[in-house]
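Both complexes shown next keep chain A, but they swap its partner, so chain B is in the first and chain C is in the second.
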Partner chain A sequence: MVLGKYSDIMTVKTTDKTLQKYSQDGGIASALLIHALETGVIEGAIVAMPTDEPWNPEPYVATTPEEIVAAAGTKYVLCPLNNALKIAARENGLDKIGMVGMHCLTYAVRKMQLYPFGARHLPNKMALLIGIFCTENFSYTGIKAIVEELHKVNIEHVQKMDVSKGKMIVTSNMGERVEVPVKLTHNYVQPGCYICPDLTARTADISTGSIGSPDGWSTVMPRTKVGKDLFQSAVDMGLFETKPIDPGKTGMEMLTKLAQNKWDRSEKTRAERAEIGLPNPF
Partner chain B sequence: MANVVEMAPCTRVEGHSKLVLETNDDGIVEKGNYFSITPVRNFEKFLIGKPMEFAPLATSRICGICPIAHSCASVEAVEDSIGVEPPKDGMLLRELAAIANKMHSHPLHNILIFPDFGCGIGFDKNVYADAMKRCQGMRKIAQNIIDVVGGEGLHAPDIVIGGMEHNISDLARTKLQSSLRTYEQLSNEQTDFMMGLIKDSDYPSDMGVHDYDVFASDLTYGDRTAFPWETFNEEQPNNWYSSLEVGQEANNTICLVGGEPVEVGPRARAVTFKGFAERGALAIQKARQREQGTLLHRAENILDELNTSGVTKVACAGRGDNELGIGINEAARGSNVHMARVKDGRITYYNCIVPTTWNYPTISKAMEGDHYKYAEVIVRMYDPCNSCATHMIVLDPEKAIIQNKMI
Partner chain C sequence: MSPFWKREKKSDAENIAEMQTASPPAAEAKTDAAPPEITVKPAEAEAEVKEMAAAKPKVLTAVMSGCTGCLISLTDNYDILLDLLDAIDYRYETTLADVRQIPDDQMDIAIVHGSICLQDKRQVDDIRKIRQNSTFLVAMGGCAGSGCVTRFSVGGQSATPSHESFVPVANLVKVDFALPGCPTGPEVIANTILAAVGADLEYLKPLAELAGFACGCDLLTKIIGNGLCIGCGTCAMACPTRAIDMAYGRPHVNQELCIKCGACYAQCPRSFEPTFEMIEKRVMGVE
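Take a look at the complex of A and B:
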């Protein structure tokens, strides 16, 4: 239940050397978007594009593989991608839109598709939703405080951020690698994440994330026909290297356990909120 | 004593309106009164004191059919007041949105008048269905243009003071160009169909002919310099309609040029800019059908001319010094005029003279001399929008409200 419906689950990495260089783990999201773009499944995608302010991306409508590569890599910061949905459909004229996002974003898109108030002509233009595994996220000031206060690295000098094995790892552009326990970052988590029950973006067409797979690989869960067909065609074209997910402690067990933890945390938070009379979104 | 024929509300027109016709014993209209009975909306009053940026957003809500015409006239009035001139590409996009607004409104009007030409119950179902599909197909394409250019098909938020909020992408332009070709095909078929209906109808050819002048500021968009400041006056209905009762019931003002009514709309544009010479109610419809080709041609030119990398908006340097600004947009039904005064970024005066306001007295006069059975048909040929045209609060010189209708 906590992982949602999926047709398959496996460990995957892209065979594209460029993407391996720029992507977070297996390069799945970027490779899938580029493949979808090149095969006409989408005409463009909404991505979190880096801006002049380091690690503070903005929603961007990418219509070329180069733009998608430029937006590759995880940014542990809130980025309101849904704000760009209308920009993509209206002045960019896209009829088939792709988007990459965590549960909060994909869930909002699905909800918008069901009840398209204020989203006229948008629902049928959402052609692909790629879900990203997510435990929690930060505001820009939050992630800046974490990096500069806990890791003691100026955010302008950060080359890569990663969360792995209970550590938040920051690599500076000088090659320095600083780790702090993830639990120290919890005070900076944006409050909405405590209500969110979904680690694996169950409402996406296909979900991916590093949890459950070794370094350099990603776990992939095709969920809908759109996601399944796209992934299969990418595999058939040799864009991905796949292997069965490890059923053990560092694989499926860990993914299920962390997803269950997030689910339980959500239920607990919602119960606490209900007890003191605060509204819950679901 | 003349017979009085009342029809209220008139059907298949936007908003609520009423006909009070004085006829002779043969049913020929001797005195026509056509007026709005739509409750007063108060837009011109509640805008006072509001930020100038609110004006196009609010006035867009005057009408669900012509929101773009109101937005455009409104931003132009405010820009004229504060002295801002949008960049070329912004103006091109704005004009394209306004053209698309007409391209969706004209087919909608076709649907409303189908029954006047026997196209409805008893008509060939397949032909009727095809005509409906064509009209809705055309409307869909036109609305999509506004979606893309204006950000929303109904109340476009991208029409802003200083220009347009966004440019469009090359892909969007290509798609719009492609959709215009589909529109052209549908429009040609529909125009042939409507012209056939008009030709086969048994309405008198001189139905609705009047001797009044026409007023149009531009063929496709609007030109504020054309406004007849010297000869224009706006009167209260009490002074104009044939009886005090009608005047008191009417919720519209009377706009006159040189003391006489004028006709605005597609025929007025065709007469002013294309040498169109036909007169009467059916001529208005013919001009409306032909106008779709003109609009389409201009839309294609705009897309060719548009620089998709160009700047579409300029910052507003000034915040207004209470100068009177005017914006005119040629809406589907005629010249839509907004006037505004802006001081320190806030509206101090606002007035709308919408197409049907111009046309009320003209329509009233146009049906005189015709049988009253044609009265509603004549009204519908003008495609009146009473919801837009309702506005009046009468103040005496001491600013005490002496008429305050159904607010």
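Take a look at the complex of A and C:
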């Protein structure tokens, strides 16, 4: 099953006006983190926080709703969030740590929980993993080249980046909107992404992304008991508007198809690597 | 075995003289050469291990050249330590118990921490005897697995100046499973012992590939150099000496700080990959 195990799947959006403004899609990731923080499920969360260098975020241990809002929005660039796990536990002294991340980040946390070679007493401190969908990611130089050479927008003037319907869309802080076909960005994709098999972050407690839902809404998939309970309590408190996911072409069909494509790309890349004698992870 | 208070007491000088007159093992122990095949293959061991899981397995833990930190890490399993000790028949341990002779009977699981000093005849003899007498040999922690800090030794120090070559256990005998890290994590030790007790080869399998020389540069040669890095920062998180800085999504290893414990490579999600089924069942609790 290319979407992994999940208990439910639906289309959701936050009712919070601030998050609607700053979030990437339905505001699910940030709203869930804030709710988890306020209900004591977590004591802090690792997020991708903007720095002085535009679009080069750093891992940050957020312990207030304001900090979580400050980190909302997608940065299509590498951000080594897992490096902050020990900082959260040892320097911030958190016993219940939350984290957001694509497949690769959440999967690495799960591997760490299963085989904690260099992660003493961290496995039981991981209280919540929010997964975000991901097709691929870019190095900082890669994304800078994309927006400056393809979109012709100075990276310092980029307000928002988004990928939708085969286009990478850049909105500048002057309100200008430039689209280029995602295809053109492929030269800049991080090489390691090509063996990544998982679109929907199947090892997270609850996953979310834009594919499968209309603009401004998100697809949400609770997976574990932690994810289900957190989502249910947020819905009960009126934090989310929910509706069934569209089973058709732009909904479930599209999500399954793109997840299958990613799975197949990984299988194909692994086979090609093996053929020329390159090792794959064992 | 005579109790310790009845043992013949030797002076330090006598002990040192004994070690130094011992035949130098360096000639037969070729560093980095293929280890001699004096072990039971995991495949052959499988049936045997299934059987032994019914009874309590006989376990020994033996310290070679290391700081004993990995043994402390084992005991750092507070909540489940008693259950863990209860699941095994603990036969030999010089720090937690007072048993001084490696037992002659067959062990099911031998856990070794510390590297082997080639000039210390006792260690060389002991590790060969342990290998011969045990079904599974686990190299617990960086020193046993990869040499770790002891790799920096160049000898010439009092009281035993001739002790200069400290090598991973795997350089002398076959290691079945290695646990990198300095020290290696308490939970991964507990998981490994319980997996060995329960003949859980799915869990143990990747650990079979982790013995031998290690270094932060493994990230360059084996991960980035193979186009596998995804910039997650897990390596930097795992490093006990903070030798790794993440810059623009890639690890940069400060060789001055790297102690060659192997934690970074083992912890990297792109070295070995546990299956989704394993993660769902064992960590996420969904089936």
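Everything below uses one rule, namely that the second predicted complex is superposed on the first by the 281 of 282 C-alpha atoms of A that agree within 3 Å, B and C clash if a C-alpha of one lies under 4 Å from a C-alpha of the other, contacts with A are read in each partner's own complex, and residues count from 1 in each chain.
Going forward, a residue touches a chain if its C-beta (ideal position, glycine included) is under 8 Å from a C-beta of that chain, and two chains touch if they have at least 3 such contacts.
In this text the structure is predicted, and so the values were computed from the model without any measurement.
Between chain B and chain C, it is C that contacts the larger number of residues in chain A.
In the superposition on chain A, contact is made by A:Lys225 with chain C only, not with chain B. Legend: residue contacts after superposition of the two complexes on their common chain; A:Gly93 is shown touching chain B, with no touch to chain C. In the superposition on chain A, A:Asn137 makes contact with chain C only, while chain B stays out of contact range. In the superposition on chain A, A:Phe117 makes contact with chain C only, while chain B stays out of contact range. Look at A:Leu37: by the touch rule set out above, it reaches neither chain B nor chain C. With both structures placed on the common chain, the touch criterion links A:Asn83 to chain C but leaves chain B unconnected. Of the two partner chains, chain C is the only one that A:Phe282 touches; chain B does not reach it.
Of the two partner chains placed around the shared chain by superposition, chain C is the only one that A:Pro59 touches, whereas chain B remains out of contact. Look at A:Gln190: by the touch rule set out above, it reaches chain C but stays clear of chain B. The intersection of chain A residues touching chain B with those touching chain C, taken from the two complexes, comprises 86, 120-121.
Within the complex formed with chain A, the chain B residues making contact are 144, 147-149, 151-154, 158, 166-169, 171-176. Those residues of chain C that touch chain A in the complex are listed here as 73, 76, 179-181, 183-188, 191, 203, 206, 209, 222, 226-234, 236-240, 246, 248-250, 261-264, 266-274, 276, 278-280, 282-287.
For chain A in complex with chain B, the residues that touch the partner chain are 43-44, 63, 86-87, 89-95, 120-121. By the touch criterion given at the top, residues 4-5, 56, 59, 77-86, 104-105, 107-121, 123, 137, 139-141, 190-193, 195-196, 198, 202-203, 205, 223-225, 273, 278-279, 281-282 of chain A touch chain C in their complex.
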